[in-house]
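Here it is, the structure in full.
Going in written order, the chains are labelled A, B, C, D and E, and every chain counts its residues from 1.
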């Protein structure tokens, strides 16, 4: 289909098409604009947007994301939510997370990260780790004053530096945190209910087996424990 | 709106009698089938497509490296396996600004990946290919015969290798990173022994 | 008298430097210095108007145009310039000596310069210029405009493939 | 003017105070006559220098703050109370910055150029009458001295451009010289108008004749309006300020002839530029805005030099305002504007001034001269607009 | 008009960039000047080349989404949308209504940012350094705050996912966009008073860098530069991708295609974007913001090839993806509008002044992240 260029000669932006303008007029319009800005920058808050940084601070929006942080329930660091499944290490685009799973002496995993490093000089705070983490263990922080003079160790955040409490998360992003807490509580109940149901079923089998065992007590001593 | 590759192929065959042009169906849901054109009549097809079929806008020229041809035929195949060894390929996406028709996809392949990987340059028909062909020459190593000014465009002139090829080995003189892991860690440790262990 | 003794050797030195320098830009700048010192000489003798006009016209305009033309044209290399200099010394002297002689003879005939220069107020100078010497001023004006137009035409032709 | 019967502390003679104090002290100490006059001159010169150095420091701060305000920023306010110490900070920075001289540079000329840019500016400042009593050097040929010294800056710009040895300064020097040469013509021609009307070259005399209220100023005469406007535009071009700041068009040739300078030499260039700005703006105020004359006759109380510096501040504020607004002209447009529009218009003001003078300067002469001056402007506006000045365009819209 | 010079030693070889105030990033032009007129102009790229396509081949589809923010870092959201569109075409994923509306709103806001910043840059190149740029950036800050409120980052949004967006609109965001759009009209009028009639700008930008429409189309020029020469080719109207066919807006067309037309076309496009934004905000439906069936982890598109493109603020931004069924793309090609719009840079600058060459480069509106990839 041919482009239906309507060819409606709309008026050129501000004034009638090709209006004859006194040569100097455009220059004075420009001067008028700068003049108005010069005068209004003294009283019009709309125009004067600069903020004197160290004294005043511009408010950051609620879901501003800077570097990630690990969430731990309660108040001690050792009940981190993170189980060192290292999904985030695989998904992280610049590969700046480094996790080593903690194993006890005979090699059984303790579902806890012994080392959890994030190289903050490489991280581009894209938020993919927080998105893919199935255990709500890692979220994006809002703190942005992190300047250090040490280029290597200063920018390598270890587990202690990264871990922050759940109520810090609640304070930082109320609706996201409350939603996470609600979801986790729901999962707890579901798990508890499932456990209870399993326990009940196990008890029910035990009784039925016991009943069966009572039914034939004579022929076998053991009976299940 | 999208273009029906088959009738384009028939119209090209009608106009240019002994042209090597084969339909390549695209298994994916996008439905953008392509036409593989022999190197010999690439320029003829391009000129025909531009002048008669009004595809006056060559939007995109992509270089692809196919070390094993099976993968290439999986992506755009007509069933028969065409070439026994790996090759380099260039895909052209053409559009028509007057008829507003969708991408006509043409493909051109080099003979092999080592010595004679040359494809005739279409700059004489479409000026928009000039920089894109230079980039493909720079990153893939396809020599475009007839290009007015074939030099490296992104890498510096003394750079020897072609980085976008699949068998390209990146130099490993990384600046030391505090959290190297995986093969990055091993390579970093070969450079910085004190960090090993 | 003291200023004459200090300034005139400086003017001579600057003029010699302007002639002797190999690099054209140095020569041009030394020429400008010579003209400036000449203007200072006039001022020292009390002829303010002539001194300032000399400074404005020569240093302000002539020297700048010479230097500007140097800036635009591509300098040829100085080496063969230096090579030619000693050979040029003999013909140079041959030309300057008679002129110098004439200069000295006329200077000796002139009566001892009286101390104060004839004070000529500016207004009278203006009147004389435009009453008694009016035709001369008009002739010079016509000549200057003709030269200006000629220069403009010359400049136009050298620009290649002009529409 | 006998010095003894004028009270020492009168506001009118405040600027002369240091000079008269030194002379009085030395005379009491019985120093020889030539020593007293020499030291008097030295102190007078240093007061002028002190005044304009502080003005230069203030202007560098005020320029940045006004530009900032025009761009909705606040401008420097960290150094000192409201950024007052910013010029001091800049000065120290300039002094401590390393002074890099490029290898291919001609050392002597490279060093001489900044000095020869500041020199004429200071000489020119000595000639301008700042107050009824205060003219540092009341020369009888003041205006001619001003232009003679002013025309030397082109030479130093060339030295800076050529001696730096690299390409951008060369381009910058070419542009600067061609611009200054072609804008000096209309500058001098319009100044001639004032000289013709006031009959003298001495600046205090010119200001004297513009006394008694602003309607006596040269700008409020039919030919004066046009000459004043042209002179104002030429001052912008002469001081290399926006929209004529081609020589250091930073978006094209980095910093023009100043590219290869750093450290204190770079500061000298800026000092030369700003002092040149004060000098040329001062001349504009002297010739057209009635120098130190009060706008209304009855204002005898206010010291006259306050009027001069007030008008100077207004003119320089207008430069800053223009700098915040206008883009830059291209070099050939600049040349065409100078030769095709400025010089013919400037030449036209001379006959207009003559007719105005010989028709008795009354309302009759107004009616004769005004059309004579304004008609060519209208003609140029119409011609320029039709042929050269482009109009805004219409744009069609397509839906498909 | 070609200018040949026999004695080449009269020419002044100048290299503009990579450190140069007006090359919009690390871009270098080797220019040969005869006096002020440009005789030869060879652009040099590669200073910001980080081989984004090789990184994408080694990474999964999702993890190269944040890298697309860094292609044309002035309009990250349109880059995201182009990539998401290409992947959706590759894998055949539908996008729910609400997500389509959110994408249109974000794309038009990005177009506003880009064209407003362009006004500041072009005046900076012409010499009015600072004023127009600061007004433009003052308005740009308001839009960036909206992005930060929605996506979490001012510029590096990383907001589109395959099949929709990353999260839903926070409360009150829609009203804030409404107020912004209302306030933008008066700002544009003030900007026009500053730009349109200004004689110096008119004389500097008219009849500069003008090429006939056929050469532009043949040279692969797209976006406002093409429409300034009168060719009515806007991919929002041609491909009708997303839901652009539901909105009523027009395409401004110039007639000469010089720098002045390019500036004015971008102005008129901003007014059209405001029209689209008003309609999109009114019709924004409720519903889920992402296709529930879309997978974030372990996303493996079927074998195949796809070329998806959108009308970015700088021109046609396209992604050519080839998938071999594994989570990593086999070939990931970006069709960068800034890079290809530079093809005809030399043809536009020949015979003009150095000052014009700087403005012509400014009028092409390149961003080096996209040129060098």
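Quick notes on this structure:
Here, a contact is a pair of C-beta atoms (placed from the backbone, for glycine too) under 8 Å apart; a residue touches a chain by one contact, two chains touch by 3 or more.
Because the structure is a prediction, the values reported are computed rather than measured.
Counted as hops between touching chains, the shortest connection from subunit A to subunit C is 2.
Shared contact partners of subunit A and subunit D are E. Among the remaining chains, C is positioned farthest from subunit B, on the basis of C-alpha centroids.
Two chain pairs are in question, B-E and A-E; the one with more C-beta pairs in contact is B-E. Chain E has the C-alpha centroid lying closest to the overall centroid of all protein C-alpha atoms shown. Taking each chain's centre as the mean of its C-alpha atoms, subunit B lies 71 Å from subunit C.
Subunit D and subunit E have centres, each the mean of its CA atoms, that are 44 Å apart.
For the pair subunit A and subunit B, the distance between mean C-alpha positions equals 39 Å. Separating the centre of subunit C from that of subunit E, both taken as means of CA atoms, is a distance of 61 Å.
Residues of subunit E found to touch two or more other chains are 35, 131, 135, 138, 194, 196-200, 202, 232-233, 250, 253, 264, 268. Shown for subunit D are the residues that touch two or more other chains, namely 70-73, 170, 174, 324-326, 389, 392-393, 395-400. Contact with two or more other chains is made by residues 72 of subunit C.
Subunit A meets subunit D in the complex at residues 1-13, 15, 17-23, 27, 30-31, 33-35, 37-38, 41-42, 47-50. In the complex of the two chains, the subunit D residues touching subunit E come out as 67, 70-73, 167-168, 170-171, 174, 242-243, 245, 249-254, 324-333, 388-390, 392-393, 395-400. Against subunit E, the residues of subunit B that register as touching in their complex are 26-30, 32, 34, 56-60, 62-64, 71, 74-76, 91, 93, 95, 97, 100, 102-103, 105, 126-132, 135, 139, 152-156, 163-164, 168.
Partner subunit A is touched in their complex by these residues of subunit E: 59-60, 62-67, 131, 135, 138, 141, 145, 148-149, 152-153, 156, 158, 166-167, 170, 189-190, 192-194, 196-200, 202, 232-233, 250, 253, 264, 267-268, 271, 296-297.
Across the complex, subunit D is touched by residues 12-14, 20-22, 33, 35-36, 123-131, 133-135, 138, 194, 196-204, 206-207, 232, 237, 250-256, 260-261, 264-265, 268, 353-356, 358 of subunit E.
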